Amino acid sequence: MTIAPESAMTPALSLKRISKNYGGLEVLSEVSFVVPQGSIFGLAGPNGAGKTTLLNIVSGFDVANSGSKSVMGHDATKMDALSLSKVGVARTFQNIRLFKGLTVREQVNAGAYRHRQASIIAGMIGLRSQRTDNNVTQGMTEEALAFVGLSDSADLLAENLSYGDQRRVEISRAMATKPSLLLLDEPTAGMNEADWMPIADLLQRLRRQGTTIVVIEHNMRLIERICDEIVVIAAGAVIAQDEPQRCLRLPQVRLAYFGKSS
Amino acid sequence: MLIIEQIINGISIGSIYAMFAVGFGIVFSTMQVLNLAQGVYATFGALFTYFALTLIGVPFWLAAILGVTGAAILAVIADQVAFEPLRRKNIGMLGAIIASIGVWIALEEVASILTDATPIGFPSGSIPRESISIGGVSILQTQVLAISLSAIVITAVYVLLHRSRVGAAIRAVGFDKSSAMIVGVNPRTMIVSAALLSGAVTGLSGILLVGGQSFNFTTGNVLLLQGFAAVVIGGYGSVLGAALGGVLIGVVQTMSQSFISSAFQDAITFGLVLVVLLYFPRGLLGTTETVRA
Amino acid sequence: MNPQTALALSALSFAIAGSVLALSTYIALWTGLLSFGTVAFAALGAFTTTFLINNMDLNFWLALLVSVIAGGIAGLIVGKVFIKLATHWLALATVALVLIARVLVVNFPGFTGGSGGTVVPVKLSIWELGLLLIFVCLLLSRLAQSKFGIAATTTREDPQVAASLGVPVARVRVIAFGISGALGALGGVMLSTQLGYIDADTFFIALSVTVIASVVLGGAYHWAGSVVGAAVFTGLPVYISQFMTHGQFIINGLLLLVIIVFLPGGLIDPVRWRRWRARRAGPGKSSQPMQSSSTDAEVLS
Amino acid sequence: MKSKRSLHSLTGRKRSRTAIVGLAAALSMVLVTGCGSTDSDTSTAAPTETSTTEEAQSGRAINVGLLAAETGPLAGAGGAFLSGALIGQQLVNETGLIGNGNTINLVIQEASEDPARSATVAAQIAADEQNVGLVCCILSPVAGAVSAVANRDGLPVILYGATQPGLAQPPYIFRTTTMPQFANETLGRELSEETGLKSVAYIVMTDNEGIVSQSESFKAGFASAGVEDLGTVEIVAKQTNFASAATSAIALGAEAISISATQAEAVGMVAALYDKNYDGQIIGLETLTGVGVFDSNPDALDKVPFPVYFLPSEVNEAGQRFVDAYNAEYGTLPDSFAAQGFNAIWVMGAALAGAGVEPTRASLGESLNALTEVPGTIYGTVKFENGQMLAVESVKIVSYSKPDGVIVPWIAP
């Protein structure tokens, strides 16, 4: 559950003129867009366009040099990763970042951490609240595992799973936080159709549950299939924002992608 | 007069700290290793010199060169035996620190056996002992030697690291191995040369420290602590920072010792270290390459 | 009593005290922080207890309690101050802490006996020591299951990701330092009762190096590792001593190297076991090379 | 013959070879156990050596424990103490000092002057009722740790090196350490009277209580001769910056500078003062004795007076016997550490002589407590007060002589 006012009016995410540069090199310039609640929102664009940097800024892994952002109606401009997670932001990573040495179940259970009410101290002494917490988070964990279809491999070491399954673990870890805004960085990178199809409808099921999803993707078919709206970023600037089909036909987009507009 | 003499004393011991700190810093900035065995290299630099003087009987300058060479080779061997495997297995900071503790313990015992754990010193007449007196200020020739040598060596290291292609390559490796490879630098060669350089500088600092006094197999540990303070205060990754840090420590120590209280000199030094760590996260002259907070 | 038994018992009591010190360091390491500070807290505990007994003629257990609390508070303060430092700089800061602690011990004779040191009026029996250790181990196994356990582990593995999952990384680390301080004080008192006499150099760099080495050798990924490590470190020298004179340090050093290179997880490494089981179980079609676990890049860099 | 071998393996000169042997031993050890230890503080230990001599047949061999320090930071001094103690065992037995045909048999355990290790090994020795006494300890903290064990198990101990005041605590803890404090006082007084010294400055290592109390005794000595105290310069252990301490001390402008510090620091200070062309009288202390000290800085150490209780070139009959035996065994002359080691065993022998036909801990304890003076030691007739041995008469003011570094009686310039 998040503290956010769940009204359809307030956008899940709104960015205003976000700029970022690394030692003079401008990576993002004045990026602004709004992600309505309950939508699947695509971030497209050629490599090095600054998509991941943008996601890092949204999730508090990186700080913008200027501009403002708000999440579920909260001004999140100054928030770090921790406080953003408190308002319901969760993410996955382009290069998978699972905890080494933990089983699938432990990874996902860690995702449910913020739903533990007991104070850390109470946990040490092992008060009742601790046990109820464990039960609650266990429930969430199993749910999240089942959702991505990993219940069977729950006790395996995550690092021993296949690439695709590791991505599922990351997604289900993020889901276990019960996010209101889920950020996915190339969830189907390097997957063949058989692999990414299930992910696609997994995301759609998530959306049906009311989670807003922002997804970075290169896979145009996936984008056209699930996204309600996409923005295309090139060289750190938004060059188009529309429904996927139309957007991808725009000349400047084709130029950015294929170097030719026709 | 007294205060001037004390300042000179401070600068001379400080210049030795500085040299050690530079050696320490080279290793850290290129290999991200906090090498606790660095102090032992200094001890061995002095030991090799001692043996060259007593067993072979060569003149001091030659003995010193042998000592420096010995320390440098020792540093390379230690690096290849202890740290190279860790780098290959990508075991990070903690692993390296523990490994360096291992090297430290082992080498110190070797030194203890070599010296029968008794104090030794460079034979009389091997080094200039007289002191020069200028207007009531008396300066030891060993002090002059220490100050001038470290000034030269540190400048040389600075030029080598910051003005030469090799140096650029070494620092590139320190900054980012993979990208260094891309620009055609062989990281291993560079790391070995870094170890060599650091070992040599450290060894020389050891020789200068014990020149004119007696020492034993634990002498290097003192340098380790002071040098560590110096690099923290001056900032890693910056040759000049580490050097100035060393001199600063030397002067501060001497001043507190002669005008406040020697009892608290370590508290003062390392209190300063904490303050710098906490409020000057990059050291007083550190570079942005090493952010600590 | 048979001399060999006496030797074993005495070695064991030092091993027990050592374990508690190692566990104090382990707690910090659990959250990814290498701390040399344990011995500073040990000094605080030992000298406080001795002072309270000698000068306030307090009951030992009461004095111990006070010292442990004092250690805990000191730990929290140190953690709060140092937390802003990136991990390996924090390690250096704790080294400075130890050096300063020694100077303070030497220069406050009224409290510590100064450089002359002070006699420890109490000697704990092996049983009392054992019970204390068991109590600490219970606490730790409980912690491992608790909210703190999850927070600590995830913090060590990837602080950024942990934070993004709602783990208050900084707070967890400060708390870890608090516990480390309390355990350090406890271990210091236990050690002092076995030494019977403590001075400024009792709790110095040499000891902190030993303690850290124990943790790593035993295994920094499970509290049991620290206990095993300390046992090996404090117990074995006494026995090796009976077989050799010089060069034991050379062996010690090389041994530490071998361990860190070939068993980076230490003797007790749950992760290694898990992987081993996983490999035996088979099905996990490993898509990644087995990486060295435990004291790994992630721990500190 | 066994005793011979053990003696050899224990001389400093043979240390390196022993090291290799030990190394091999340890390697095999490690191979067997498959695990090991790292501890930069506790160090290696000598194999338990029990040497018996021919006289043993008639009477009984009485076991006395000894904590050796052949390794660790004090290995230098430790070796000398041990060598002396072994000669002590040899002569006590050859001269039949104990009587009743009884002989002393040292049970030697390496503890490397580390408190924890020493306490552990002491506990082992104490646990064996066969061991009626224990001889040990160069460092005061170690002495403290061992005393705690000994008091618990009622094991009589003779300390031979620790100099901190108040360590001797009858009924169990006795100390034969020839306390430098008395020597320093004597030196201070006599030297000032001989040279008509007017003023003196002090350099004192302040973070070592034993040393501080030594400096106090120097001050008392000089004061008693009416020498003016022009001030004290403080240094600390692990000092690197001797030059600045020297500058400060010289600046006090005294006719003499008295140094109180542990060995390395004392030598360093002497050198720094010398190099800074200090033209007054530099006065050292007993820590200036020891293997390798003179060679470490011949120019500076020449002509620096310091007090010793024992001087091979000027010994009484007992001392001569010791010197000869030592020289025969090791081919060198004993230093004052070796002498202390020897004397501790000799006193132990004398105490055992008064402890009945079948000495026990109890009887040895009583005998030690009853001990008020022991005649015929290498220090002449020594007195005991509250468990502390006094040998003030045998204090000698000495200095190193160039170029060979032999310690000779000091001649006032």
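Quick notes on this one:
A, B, C and D are the chain letters, set down in written order, and residue numbers restart from 1 in every chain.
Convention: a contact is a pair of C-beta atoms (placed from the backbone, for glycine too) under 8 Å apart; a residue touches a chain by one contact, two chains touch by 3 or more.
Everything quoted here is computed from the prediction, not taken from an experiment.
Using the average of C-alpha coordinates as each chain's centre, A ends up farthest from subunit D. The most central chain, judged by C-alpha centres against the centre of all protein C-alpha atoms, is C.
Once the centre of each chain is set as its mean CA position, subunit B and subunit D turn out to be 35 Å apart. One inter-chain figure worth recording: subunit A and subunit C are separated by 39 Å, centre to centre, where each centre is the mean of the chain's CA atoms. Between the Cα centres of subunit A and subunit B there is a gap of 48 Å. Note: centroid distance subunit A to subunit D, computed from Cα atoms, is 73 Å.
In subunit A, no residue reaches two or more other chains under the touch definition.
Each of residues 15-16, 19, 38, 40, 71, 206-207 in subunit D touches at least two other chains. Listed for subunit C are residues 106, 209, 213, 246-250, 252-253, 255-256, 291, 296, 298, each touching two or more other chains.
Interface note: chains touch in the pairs A-C, B-C, B-D, C-D.
Every residue of subunit B that touches subunit C in the complex is listed here, in rising order: 32, 34, 81-82, 85-86, 89-95, 97-99, 101-110, 112-113, 225, 228-229, 232, 263-264, 266-267, 270-271, 273-274, 277-278, 281, 291-293. Contacts from subunit B toward subunit D in the complex involve residues 2, 5-6, 9-10, 12-13, 16, 101-102, 104-105, 108, 112-121, 123-124, 129-131, 133, 138, 140, 142-143, 209, 212-216, 218, 221-223, 226, 250, 253-254, 257-258, 261-263, 265-266. Against subunit A, the residues of subunit C that register as touching in their complex are 139, 142-143, 145-148, 150-151, 153-154, 157-158, 160-169, 171-172, 175, 221, 270-271, 274-275, 278, 283-288, 291, 293-294, 296, 298.
Against subunit C, the residues of subunit A that register as touching in their complex are 59-61, 80-82, 84-86, 89-91, 93, 97, 99-103, 106, 109-111, 113-114, 116, 118, 120-121, 123-124, 126, 130, 133, 153, 156-157, 159-163, 166, 173, 177. Across the interface of their complex, subunit B is touched by residues 12, 15-16, 19, 38, 40, 71-76, 79, 206-207, 233-236, 238, 240-245, 247-248, 251, 263-264, 267-268, 271-272, 274-277, 290-293, 295-299 of subunit D.
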